[in-house]
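In what follows, a structure is listed as structure tokens, so that the remarks can point back to it.
First chain written, first letter: the chains are A, B, C and D, and each begins at residue 1.
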């Protein structure tokens, strides 16, 4: 029995949203998902406008997500949405996700999972209870060469891991903004919308997730130095963290949103007792394998490269040398989620190569990371245990 | 009056096609186009299979493009396809394109335009006659930083252009292939399907198009050295060409498909009497401006960069540092084509920033390039004039 | 009155010494210094052998540095050495340096200054007392683009400094060595020869010195996480340190000698409230200036580049594009030291552009860094004040 | 029997000479050579001034090279110069080299060998006749990774060579110069001093030499397109050449001195039927090995890398990650020349790893290259045979 195209409803992502547009492109790209409904803004007029620009029929554009859940569930099963994609600011993650699940819809949710750690635990409970699929879009683990990196670690190529450096330098909050003009800056620097962390919630969680994903190691304790660089800032806009992992490996996580001139070059380096690896977003199709007494090797993304793992190749759309980027990494999460959901709907066994997308555990750990980082940041003690 | 989503029918792109999948991703990405019909293979069973995998209704999957044109024209205007996307090998470009135009459908066509130069001129005549839109997918001019490069030349930043180096080194035809197993290699090395040139038709035309696009200069004469490196090859699999442009600028075009280990790093360097520029696909989001007595400058793609031209920014989907790649460059041609076609359908003036996609003139010049390169390759004379 | 070539005596640097050969090349390069004497090993036979290989007359090759100081002082003034270059392991820094000074010879000394902080303070006292010239070869501040970086900071191009990342990843101590075969590894992992720190003394001090040199800021407090990764190691072979500088800027220093596959790519990034800069040894002739809303700029080393500071240009030997490297950076310290010493000898005012070489203050601060890092590494408190 | 330090006399290299200073640094660096005499300018006063700045005794600074040859030969054998280093403009190469040889002195000569091809043949004859050592300083073959590249070709790693791209883009002659102020530009654009070629003599010969050196192939025919870009130029300041080598391999040589903003990034790429290699001066310590179906490999310069050939390692002074550059490459020619000459003087067999420096054959072929390029540039025929 063959699969069918999945139907998506979107929550948030109205005029001016950066991440909403990214989610739509990612969902569109591979032709497995169709946007059929949405509640794009808490202001009904804006939602309507967004729906029109997205060529949706008027009756599938809703004034609230509650309305969407209700009305969609009144539609025949072969028309109603299969899942929702939630792309709102952090403080509007928990409620729509919870209600979507309780209304029987699978969920794709932008990170971080929720506004608070408690919400994350509760959401996780409901996900487990309902048995519905849940994907948290930690973009960077969608990159094919990050998947390859993880496979190389699993296959023992690096040996025992000793050292993890992960960094995410940005500069876009380098100066004061008129927050009425810069919505992105406005909500991210507002604790009521962003949560207890700024930079660490927004991008630190990505770096943390990437480190644990590639290394396969769990963080054990940490020592954080957080900054609110600009006087007006209530939340951290920069921070550096010493890390210790469960196997004794040490590391450093650096994240900044005030590194003037830096763009978005998230980078990870992991060193084991046999070899090391390096990857950075600015050269995303390259993974560098470093050896102590041999030439380094350049692994390159490409659906055609037999030396790459099958997972890596299935997360590539083109042969080597046709650069794929951020949007394709994002789309890989949607593709993996879609393939898994299609199999579920068809009562088939999913292709194991497509099961790899971030989920509730990543979300809960991410929220715990925020909790622990903020706690450590305030502590005079060097080490704060990573508590779940 | 608002626009509507466009309906696309595809010709070719069945199982195993590389470029068909690329076209579909490019068409899907921005949510302006919906694939609603197709004739995906000359073998009806394969076409049907492709249609099913693409979630098309059976009745919109056709056994031939002739059938598609006829049946689609019998559908109500608000259901029938607006345009076709033709992604077949070169020898199946002319006929479907011609018939599509004569059936009233706009056309997106993979490059090179046709099998022969005469076909290209005839197709061009029909395009002009019908007044329908035509887009030829020379991928690389879709890159935002290539559009920026062109704007910088137009704005005089480089001064008078002196020198153009353009290169396209590939290695994928480095050895003999069992052509029954490698379809891509099979048709590209077969003159009946590829035309009178191999490497020069497949990738040399891209390099030529890129050079003329960025520089704004027309080629005046050329001196080609073509190779059929492997004994079994009938067509060139490698070549280098000395170039002279209309303003006296000189240049070199290098293309190879037997450069063992090379991937796909098309690169252009242009030097004027004030400054130079460099761009290569492996670092596609960077454009390097080189100055004789000042620090070089790194222009970076990004919808947010106010220093970039408005055209460049509209061909970017993300802020700087979120790498876009080959698929986005491809999608830009579809997006520009779509926006222009939507305006045409709505009887509106198109946004001038979206008029920039390769068309019939590029196609005719590309076919003339092939003619002239092959002629020069056989000549004992140094210079062969570029004849249209 | 013109200058004269300076006469150098070397202490250490016998067979198998890496850094001895580097010092000789650096001293030779610019033709301002002649090696005329030496005590190359504590084993007289090895010293003799080294002297012979270096084409020195037998009578100027000594069995001990004490002998060298005594005998050289018996030579006529126009033959005797002007200064000594001390290139022994750390535990043989203090005594020869002290005795050289007390014998009236200027001193060039490899880093770190001494085995202990107390020795450093004492040596510093004697340097001040004697008024003799002292150069400590912190290689990396000899790079022209590092000098340019410092000038840019001084000139306010970066604005107020917020963030300093400095890293020095090496992998050469990645595994256990037979220390009878690997002399470099042997003494560096032995506290009696290396001091209380391993990695932090060997390369952490370089990173620290580089950060303070370029930023012009003094470290105020720190939080160190040190590792002795291999079981056999007594001293740290890896460490990461959170930093806070006197103006409130924060930072991170990472150094490792067990980062398998890493070579020697010391790197510094500094972000101010106006702009940022990046430099790394693997691309030593490039300094990247990063701006929030303008294209980044590539500053390139080159004696011909008028946009560079005069200090930078005088520390370059070739026009842009002729890469200078590690040995030239090292030679710049010798050149600056030599020019300053020549002026002193001639009772002339030295060229201020050549006064810039690391000296006693760098040495004392480097030893204090080691003290404070080790102290912080053992502490449960997050912050350890940087105490002099 | 041990070696001794060699004594060098220099011809040319007075005030304002770029290449004279480079030769001196290169000769100094390894402590095998001492500059003891010189005739630094045709103007005695300038020669004297240079000698003084170089700390030479007055009596060893000569007014003419003829005087130097005569007077040096009157000195005792253990004081007189062993060889001369000639660093004058092209039109003053033949005469001093010839007279040096005839006076019994070995010769190091800057490239190109002579002003004319006939001079080169005559000089070659005299070199053979006298049996004296001769080194022509084609800098780029002194780079360790270029030596490694040659070894990899010799060892068959690339298989049969198919394609050679070599390029040398410079921009320093991008505009008109007041030649009274810019001596470098003045003589290089003057046929009476530079010879029949400008750019092709100055840097094209380097690219040609590099291509033949690494590939081990001899050029068979060529097709040149030369430009005198600026109206005032008599000689070429730019050119591109199609190449065919003896084994059928094809190639392209590009050289320019008017590529505005380009520095000096000479680059070579060679593709065989098994693998390809890439090297460029801007990343001189890296050699990229490219494989069709495996990860590429990064070979890195370093005296410690056991995977490198013994020749490569002996031409490196430091372990991997301590970048060596242009001056070290230059110094390698002096070092190899010196080691060979020391062996000759000592009647010992030279170390075969140090025999590798460019000599008379390179010089004669370089001059033939100039002849043939200029001839081809004027020809209407596509191919001009490479005639010796």
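FYI, a residue touches a chain if its C-beta (ideal position, glycine included) is under 8 Å from a C-beta of that chain, and two chains touch if they have at least 3 such contacts.
It should be emphasised that the depicted structure is a prediction, and the values quoted were computed from it without experimental measurement.
K.L.:
Taking each chain's centre as the mean of its C-alpha atoms, which one ends up farthest from the centre of subunit C?
P.N.:
The chain farthest from subunit C, judged by C-alpha centres, is B.
K.L.:
When I count C-beta pairs in contact, which pair ends up with more: B-C or A-C?
P.N.:
When A-C is set beside B-C, the one with more contacts is A-C.
K.L.:
Starting from the mean Cα coordinates of subunit A and subunit C, work out the distance between those two points in Å.
P.N.:
44
K.L.:
Where the centres are mean C-alpha positions, what is the separation of subunit B from subunit C, in Å?
P.N.:
55
K.L.:
By residue number and range, which residues of subunit B touch two or more other chains?
P.N.:
In subunit B, residues 172, 289, 296, 300 touch at least two other chains, as defined above.
K.L.:
Spell out the residues on subunit D that touch subunit B in their complex, using ranges where they run on.
P.N.:
Spelled out, the residues of subunit D in touch with subunit B are 158-159, 162-163, 165, 167, 169, 171-172, 174-175, 223, 225, 227, 229, 238, 240, 242, 244, 250-252, 254, 256, 258-262, 269, 271-276, 289-292, 296, 379-383.
K.L.:
Contact residues on subunit A for subunit B in the complex?
P.N.:
It is residues 2, 4-5, 18, 21-22, 24-25, 28-31, 35, 52-55, 170, 172, 263-265, 281-285, 300, 302, 317-328 of subunit A that touch subunit B.
K.L.:
Contact residues on subunit B for subunit C in the complex?
P.N.:
Against subunit C, subunit B makes touches at 289, 293-300, 305-307.
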